[in-house]
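The next part holds the structures, each set out as structure tokens.
In what comes next, chain A is part of two complexes: it sits with chain B in the first one and with chain C in the second one.
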Partner chain A sequence: MRRAAPGAASAVLVVVVLVILFGPVLMLALFSFNDSSIISLPWEGFTTHWYEDAWNNEQARDAIANSLVVASFVTAISIVLGTAAAWGLTRLRFFGRGAIAGLHGSVLVVPWLIIGVAGLIFFSEFSVSLSLRTVALMHLVVTFPLVVAIVSAGLVRFQRSLEEAAIDLGASQLQMLRYVVLPQIAPSLAAAGIFAFAWSFNNFEISFFTGGFDQTFPVWVFSILRQSENLPLVNAASTVIAVAQIAAVFGAWQLIKMLSRKRGDGKDELTDLVTGTVR
Partner chain B sequence: MRDRLRVFGFLGVPTGILAAFFLAPMVVMLVIALHYGVLSGESGWTLTNFSNVLSDPLYRDVALTTFQIATLAMLIQLAIAIPLAYVLAYKAGKFELGLLLFLVLADELNPMVRIYAWRMLLGREGIINSALMEIGLIDAPIDALLFSKFAVIVVLSTSYLTYTVIPIYAAMKAIDRNIFEAARDLGSGWFTTSRRILLPLIAPGIFVALLLVYIPLFTDFASPALVGGTEGYMLGNVVNDLVLESGDLNAGAAMSMLMLGASALFAIVAYRLTKIKQLES
Partner chain C sequence: MRRLTMTLAIAATAAAAGCGGGTGESTVAPPPKDMDSPATGTLRVFAYGDTVPDEMLDPFKKANPDVELEVATFDSNKAAAAKLAGGFEADVVEVCTDEMEPLLARGLIRPIDPEAFDQFDTLAFSDADEVRDENGDVLFVPASAGPHGLIVNTDELGTEIDSYQALFDPANAGEVALEATPLTAIAASALALGLEDPMNLSDEEVEQAKQNLLENRDNFRAFAESDASMVNLFKSGEVLIADGGRGTAEAMIDDGLPVEWIAPTEGSLSWVCGLAITSKAENTDAAYKLIDYYASAEAQAISAEMGFVAMNPDALDLLDEKYLSSADPTNLEDAIAQTEPENADVYDRAWQEVLAQ
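Coming up: the complex of A and B.
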């Protein structure tokens, strides 16, 4: 009995946490199919017309499209800038390296609310009108340092002697990067990509303050909920987004697993990837 | 010379972007916070924005509420995260990766969707109230579920759980497990082992979790705005109302600078503590 007890306690804890984290979102999805404009029990029957409503709602469509465009742009640029900076910070020795690393790191601990407000004031002082462009720019500012953190952790983990060996064996710098470094950091890059996309897509505070009249998806949900009661149409749109996000995370996870296995690493490599960045 | 060019090639653009759109906005915000507003009829440098914000008794109450809510939410998360990290690191076995994936997933789900989901559950005519009334447990809806401090604490506690668990889990993974056996062989019970061995070793992880979670909790404004009502009004809402509702950019900037200063102070202390603890172990 004494041996079984901790196992049961662990299982209960895990189930409770999963219910707290995912239960509400499952309910939200469930009630997107309820044939009633009030979101409460009793269940009034199955319908998909909230999805039609959401699809025909121009604001909802624009908001989702805006978020997709901004997040795609931010992810692509963040990967390039972040990987370059991570390489510079982990492989080059120079005066002021600590300060520049600190600058990149400090972005990650400044609250988004403050970055959003500062952005709003900054742009209004220089009479730059607020739009998706200013949103994307400010998203980029907070997102590429995250890529720097994830990729740096990947670069620190693998042995530099491999790079030196490649050069000694006659590889050019480019060949070394392509055939030695890239496969090594591929899982980190995949993780960085999915996180960067989510950071931009999910970002509310910065989009809210620096977007002007252009709404991203979180800003749209916020403004609807501020004005009115809960709407089944928002349930439908939110469910679509949640399903897409779940699919994206699972896809990325499988990709990362595959990339790690290619390198002959197992489970430890994956847990390292998750934990490495926070150290 | 070639090295310098290389440094510039890799770091020039990233550093330039941060200087132009991270540091410069902060400096501009500080300058605005130190100037009279357009509406005040005066011009030039001043400290009145800061003194107004600091001396307003309403803001002092809001600061206290914010402290209460953020601290409670943080404690609840630590109470869940420490055992959960322990289960993940030592007990989960083949479920470890899958559970990690769920934690990552919880973080990737759109926070606004999550807030909305809670609001739907907790509302006056929401799912919890209507379910309780259906089965006859209550006759009238429980009003305190939504638009209350309670609602904000519930939503915030579930919003940052991933970032509380993962640093603690990382710290646990780094522990050499022989140390637990050694402790048991030397006759220490689970309580002593937890307090004297586990806790000191995971302290750096806890400080990282505080750094990643406690600061955003203090500045959150979407959750209190959507589920907090007047009771759960927090500092983030003050900033929002100053900047967007009353259009007082100068006061909003002063308030933001104070919050930034407090965050920075907290971050530095937590970071130092982490380093000290890491050196000790």
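Coming up: the complex of A and C.
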């Protein structure tokens, strides 16, 4: 009984936090099926025609495709480079290591608007035509340090004695990396990949300033919101993207669970890895 | 906040680009020798997304199969100015009178020759001061507009209201909403006070308009941050009268609300946007041809079907009857074009004081 009250309070708190966090997104999804261009109650009837409009809008389709291409490329490259950098920063001892680590971190606190403007001026100075390539390059500037931070945290938590044991047992550096380190940091890599993809896909400021005539989804969305009549169209497209992103995160979570099970971790170990808990 | 960050972005791009942007041409762009021949080459357009949808551009592409059209979009002229000042290049840029100052200040627009367009003089706002620079050169061709007046619940308040003074009438206390933008709110207050040039108020006149808003603060139930908020206020019955755009009123009517959009006797306001040629345009021939297409009755009819006022009166002949009332350019007769005041910061501060009350 004594424990019931705090338990109930916790449950209520969790529900309140979830409603605050996800309520707006759920409302957005709900109103994407409302048969009215006005986003308000009362409910005017069920319709899917906003989805049909979004699907038939070539500019929306192109923008989503562009965002997917950029975010996929950025995620892959930032995972490879970020993991290599994180390995170097956590495993090697060299002059200026702290300064380099700090430099990585500092990018994370620079506003994206500034990074976008800086990128635009940089490309302009060197007469580089703006395109999806320049967008991806500047997205890498912000996702790379993010991946470094997340993977570094995973590597720091990882017991180095396992690496030493692998080497002692005759594994090459590559084998040690392939069979010991990567499986251990897989959850960190998956988390880093999800964040890198989401940062890139959802970015407006950098994409606007460093993009050319092929536009990403957020840039297209902002450019049509001058008229409120376009809101349901954006609602529908955004709902599809939100569902796809949730499905991707869920898929990644299942993958991490599978990898963890293979490694022999319990449920708690997996949660600890993702949430950063130290026991 | 967004306004501040974009201002910072413009300052940053201008400073880093060596106060540049204005290194392009500043003379009147020469029109093509033959306006009727199809455009060729690459044409780069920088505009609001809802100005360049496929249905608007497709007829131009069909008539000009050899032109390669590249389109980039922005969410404000401030953002556009920041990007152009930073080195982004386009041939045609959309400008709006209430936010084009950064584009002019950076010398990013090249005057155009109105003689190139058969129908320029018939377009709404073509004779407005805001379309020309201090030398009388035409800066852009008006392509879209949206009148801003009063939205009234006629079931509750009847159809007699025709003045901004109704917003400040104690009889409507607690049932009034204002759009939460400094320019329109201060302008509505100024017009209600009888001040005739709401886009060029002196600091003292802005102060008068502010005092009018503060003294009647209890009249205002809400300051609507968006069209959707305004619609919700009317739908819930909290608000019976507000200042607002004709498009917002049309959305309410479509939703079954008993409202009417009214052009106030003091004059309605209107945002006005159009197409201009950039100072660094490379394909001015194609730019002229695209602008000519946007001014045509055909393009303006498409624009009207998207909810804008048809700037070319000939477009009315091409429209279905259901679009005629909202598309009719006479809606804009005597309308006051919204422009960015020289003392815009005074307007902003005054409005912040009203919000803080």
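Structure notes:
To be clear about the criterion, the second predicted complex is superposed on the first by the 252 of 279 C-alpha atoms of A that agree within 3 Å, B and C clash if a C-alpha of one lies under 4 Å from a C-alpha of the other, contacts with A are read in each partner's own complex, and residues count from 1 in each chain.
In this text, a residue touches a chain if its C-beta (ideal position, glycine included) is under 8 Å from a C-beta of that chain, and two chains touch if they have at least 3 such contacts.
Quick caveat: nothing in here was measured; it's all calculated off a predicted structure.
If you put the two complexes together on chain A, you find that chain B and chain C bump into each other.
When both complexes are overlaid on chain A, the residue A:212 reaches chain C alone and has no touch with chain B. Contacts of A:21 after superposition: chain B is touched, whereas chain C is not reached. In the superposed model, A:114 lies in contact with both chain B and chain C. In the superposition on chain A, A:158 makes contact with neither chain B nor chain C. Of the two partner chains, neither chain B nor chain C is touched by A:73.
In the superposition on chain A, contact is made by A:130 with chain C only, not with chain B. When chain B and chain C are set side by side, the one touching more residues of chain A is B.
In the superposition on chain A, A:36 makes contact with chain C only, while chain B stays out of contact range.
Among the options 98-106, 242-250 or 260-268, the segment of chain B that ends up inside chain C in the superposed model is 242-250. In the superposition on chain A, the residues of chain A touched by chain B in one structure and by chain C in the other are 38-41, 111, 113-114, 117-118, 120-121, 124-125, 209, 222, 225-226, 230.
Across the interface of their complex, chain A is touched by residues 3-4, 6-7, 9-11, 13-15, 17-18, 21-26, 28-29, 32, 80, 83-84, 87, 91-92, 95-97, 99-102, 104-114, 116-121, 123, 125-127, 129-131, 134, 158, 161, 166-167, 169-170, 173, 208, 211-212, 215-216, 218-222, 225-226, 236, 239, 243-244, 249, 252-253, 256, 259-260, 263, 267 of chain B. Only residues 5, 8-9, 12-13, 16-17, 44, 48-50, 53-54, 70-75, 79, 82-83, 86-88, 226-228, 231-232, 235, 247-248, 251-252, 254-255, 306-307 of chain C touch chain A when the two sit together in their complex. Per the touch definition, chain A reaches chain C in the complex via residues 36-41, 44, 57-59, 111, 113-114, 116-118, 120-121, 123-125, 130, 208-209, 211-213, 215, 219-220, 222-231. Per the touch definition, chain A reaches chain B in the complex via residues 6-7, 10, 13-14, 17-18, 20-22, 24-25, 27-28, 31, 38-42, 81-82, 84-85, 87-89, 92, 94, 100, 103-104, 107, 109-115, 117-122, 124-125, 137-138, 140-141, 144-145, 148, 194, 198, 201-202, 204-205, 209, 217-218, 221-222, 225-226, 230, 234-235, 238, 241-242, 245-246, 248-250, 253, 267, 270-271, 274-276, 278-279.
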